[in-house]
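Shared chain: chain A. Partners: chain B in the first complex, chain C in the second.
After this line comes the complex of A and B, so read on.
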């Protein structure tokens, strides 16, 4: 009887061990699962979803990652934080994803990061925020690395980049291309512009002081609210201030009205640069009925080959997934290829600590230059690694086209003054 | 510099005040005649913009064909959807009337957003003369001037109608005492129809005039509705005289704050002034229960 018990125990232990080994083997040989979350009613999220699908399709066509197929699970947050938290838990706990991509506003990424931090020890995974801007993601990594080390941000819109990288590039554009010496600054009254208005302690003084140090005299500064529709007074005051360039730190205000009123003001001949938003999207020409002519804007939606991936990405996204490359699509696509390389370098996804170390070191050719993340702070490497060209709206026949004017190596046209362009 | 600022305030008080008048006139008319706080009024701006665009782009009509058609469409919707569909049925149940009105407005806004999201690049080619000119040291665009003049012309016609015509007399009588008007033989129902039809004219003209310097987006109706409400509340609900004074007062506040302080506070400043007026002069600047 004792012998029988011993045999039964032995068989149980054997079967249990076999199950564990089989499960581990299946994890090593089965698909690498990636979760995607976004508000699938919003244009940027739909574009990012197409970019994620395109990246996975291309990876699988090329043999997957380490010979394993890649599976993408797409979830719709509907823009609601409680739903995003539930979906994050589902992806990590039920679908057992190795990575979660949150292609949505930064509040969603923060919610995901918090629930991810609670789940991380039991369900090791990594998380990427590919649309959310601002500093809240990398601040968490900086302040509590062990807790938030699984989180990465692939969006260049962080204040440190703005103040230490973009500001100098913009100053170069103003001085060398527009020939400006005096500049007017227009900020929108939003959280993301606060560090630019006030500076970042220990990192950089405020934007106006950065420009002063770069040799530009700031002659006018003002802030506009996001619900504002009348901007005429601002442009009249800027024209009266003697500014010879306008730097608009805006992205979310009503840019249609803003640009139209600039073009119908005393400041219409003063070169204007807009940091991002509608002005950098193709519909801007039609929305403003051509009044955007001469406007300079940071835009990744122009058809210029920054790397060998740029043009195929834009074409494939449009033809296969019927969406245009809006902000967030490039970063989502590039994130997945950065992740692929890191997984290959780590030898798989089983050891998440090794994967995180590889993500902190990886560099991969991307649609907009080179994708990689800061080893300590986990935001993606800025210019000159990851490039947002400065474009200017110029005429192409009867229509307008965004022409790259900076950096010089990617320029498709020369800068022209708004007055010359209108002739 | 001070002279330039004073000149700017004067010029833009006139320009912006006249545009605010155009925005709020229809709302005041409904308040004055039907005694309804028409929360669905914002839909007229959305329909004017997107209806005209749709007629031009989907039916390939010219602007000059689309404009009369959009007026007809606006009047039909005002009469059938709002007046027959909501106001007439729920005149005694104000909470239902208000809820349904704003639901229709929101539904149309979302429909516009669904069919023509911002990426569709909706715009209206209604520029009369492009460019700018100087008044003293102040530069203004021709289109803003035309929009302001349109506000003055439309308001003058409305005022003339109310003061000089028999229909205007009946409407004024109705706004003072609806029951007495009925006893005197006024066709109240017909006058309600007329008021509803007239109320869509100023906002439609407004959208066509401001499109070259304003932004057209599916949610534009909400901001314009709030402006209309602010003007009407400050002026005294339903009083056209009050609306005229309030429009230019808000225009002055906006211009003064913009040119002497910072433009992002202009909305806040107008709200504070309205609040103060309501505290010290209950019912607004012209609190009488009459349209004029």
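After this line comes the complex of A and C, so read on.
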């Protein structure tokens, strides 16, 4: 009887050990699973999904990460927070992903980050927000590092970057290219523009003050609502204010109407710069029936080789996944390659604390320069590491084309005034 | 002295002039008992899939919005196209008080009830002055106007990002246990609302409700204080919907108006009413689970789900018995069984 008990105990111990070893081996040798969440009815999310698929395909073609294949699980949030919360849990708890990429509006990323913080204790993982420029992600990392250290943000620029980095670059564009001394500011009433309108305590004064310090006199300032359609009166006021340039901190308003009304107003000869959105996308020319001629905009959608990865990325994304490289795609693709390098440096995904440390230190060649994240605040390293060129819509035959006018090393054309371009 | 009377189908308690009846005949309690048992057993079935628990929690919350809306629909004899206004008011009240003043979730619950009650009371005269399409349009605009306010007063409501980091109702130490407990809480909330709707439907207030729904003028002639009732049936369900907002705040711990206030969210709630069966309180549960599960299943079909989902919903609305929905189908085969039913005008 004792012998029988001993055998049973032995078998139990053996099976238990076997289970542990198998599980450990599976974790070390199985695929590295990455979760992707986005609203798959929205163009930026579809583009980001294609970019994530392309990145994983290229990684697997090159032997995976540390010899392990990479698996991408794609989930559609439908743009709803409850669904996003549900899918985040599914990816982390059921699919056991090592990283979640949320390529969607910032509120989804924030909701995911809250759930992620809850799960992190028991299900260590990392999270990336690759669409959405709001400051809320890195604010949480700054304010409660231990709780939110798993969260990273990759975007062309977060609002803080706009204030601390891009504002100075824009001032250079206005002063040196457009010869402006007086400037009018137009903001859209959204969360991402709030730091620019109000400033960030301990980080930067508001945008108008930054421009004043950079030698530009702000002669007009206004905020438009996101559903506003009539802008003519605003442009007339700007024209009357004597502004030499218009800086439009907008990305989500009806830019078709905005640009058309600028072109038909008394302000049509005043150089205009738009921070992002439709104006920086190829369809802008058709949508505005060519009225976008002369508009300057920050855009990554022009064919200029910032690194050796830029052009192949744009071509492969369009040919293999039938989507254009619109905003969110570069950041998603670059994030995954930054993650790959960090995993390699950390020796795998088993030790998430080590992976986080590596993410805080990693730098990797990216489509738009170099991808890496701030060690303490977890937003991606801004210009000059990660570059968004300033382009101007100029004529190319009968059609319009976005020509890079800044920074000088990537310029494909020279700045021209709207009036000269219309001649 | 309490007197008990045991009858064939019920137990009657009498105390002074008061009388309480409890139905004991199986056809009255068997179906609810089976339904509750099935819903209570759900976490055991999906234990290894915690995300599904969240999906069912969402279904419970959708049903918890739909049940009071059904009550309001009948009690005011008007179709409210914007009940999510109170979801927003309740959610933002709880979130703001919790974030800025550090109020405990139970304190924010009381505040939510108070604020939703006050605002709905102020707005309740619209049930007197507008009806039909005009009432629907007014109620449609209110949540959209509130959504605009969340952007205009972005310092307070945080615009498109919403409010984040509210304290949870509780923390049991393990995330799975938390999610299971949230599921049960949402289930209890939904069942509590169902019980309220059932009790109102069975009581003399249910008769009042039906008379207002049938014809307000006739109801007045019968001595029903129509205006007072309409205020009650506008305010009370609004508070119940506001409490769902409170629940969302302390379980999902984020709250953004852009998710809950737009028309899309309302359409889902209205479709749940139609598919579940607008005359049946239980129909809200069937409808909510049907829509939630269908949406999740169709997601597997890829981007085409954005076409398939509305097509399936339209088919369901067209093919199911008009006004009786999914629950009507079941009821036709089990017509002797008792189900809580709101007396809805059929024309």
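Rule of thumb we're sticking to: the second predicted complex is superposed on the first by the 421 of 423 C-alpha atoms of A that agree within 3 Å, B and C clash if a C-alpha of one lies under 4 Å from a C-alpha of the other, contacts with A are read in each partner's own complex, and residues count from 1 in each chain.
Everything below uses one rule, namely that a contact is a pair of C-beta atoms (placed from the backbone, for glycine too) under 8 Å apart; a residue touches a chain by one contact, two chains touch by 3 or more.
Here the structure is a predicted model, which means the values were calculated and not measured.
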Clash-or-fit label for the pair chain B, chain C on chain A: fit
First (chain B), second (chain C), both or neither touched by A:134: second
First, second, both or neither for A:189, with chain B first and chain C second: both
Which of chain B and chain C A:260 touches, first, second, both or neither: first
First (chain B), second (chain C), both or neither touched by A:345: neither
Partner chain(s) touched by A:225 [first = chain B, second = chain C, both, neither]: both
Vertex chain A, arms to chain B and chain C (CA centres, degrees, nearest 10): 60
Partner chain(s) touched by A:165 [first = chain B, second = chain C, both, neither]: neither
Lowest C-alpha to C-alpha distance for chain C against chain B (Å): 5
Interface residues of chain A shared between complexes with chain B and chain C: 189, 225, 227
Chain B to chain A touching residues, read off their complex: 1, 4, 8, 12, 16, 117-123, 125, 127, 131-132, 138-141, 143-144, 212-217, 223, 254-255, 258-259, 262-264, 266-267
Residues of chain C that touch chain A when the two form their complex: 48-52, 54-55, 58, 61, 148, 151-152, 154-155, 158-162, 164-165, 174-176, 178-179, 248, 252-254, 256, 258-259, 295, 299, 302-303, 305-306
Of all residues in chain A, those that touch chain C in their complex: 40-41, 46, 75-76, 78, 80-83, 85-87, 89-90, 93-94, 105-107, 110-111, 113-115, 118-119, 121-123, 134, 136, 140, 189-191, 194, 225-227
Touching residues (chain side chain A, partner chain B) in the complex: 43, 189, 222-225, 227-234, 236-237, 239-240, 254-257, 260-261, 264-266, 268, 278, 281-289, 324
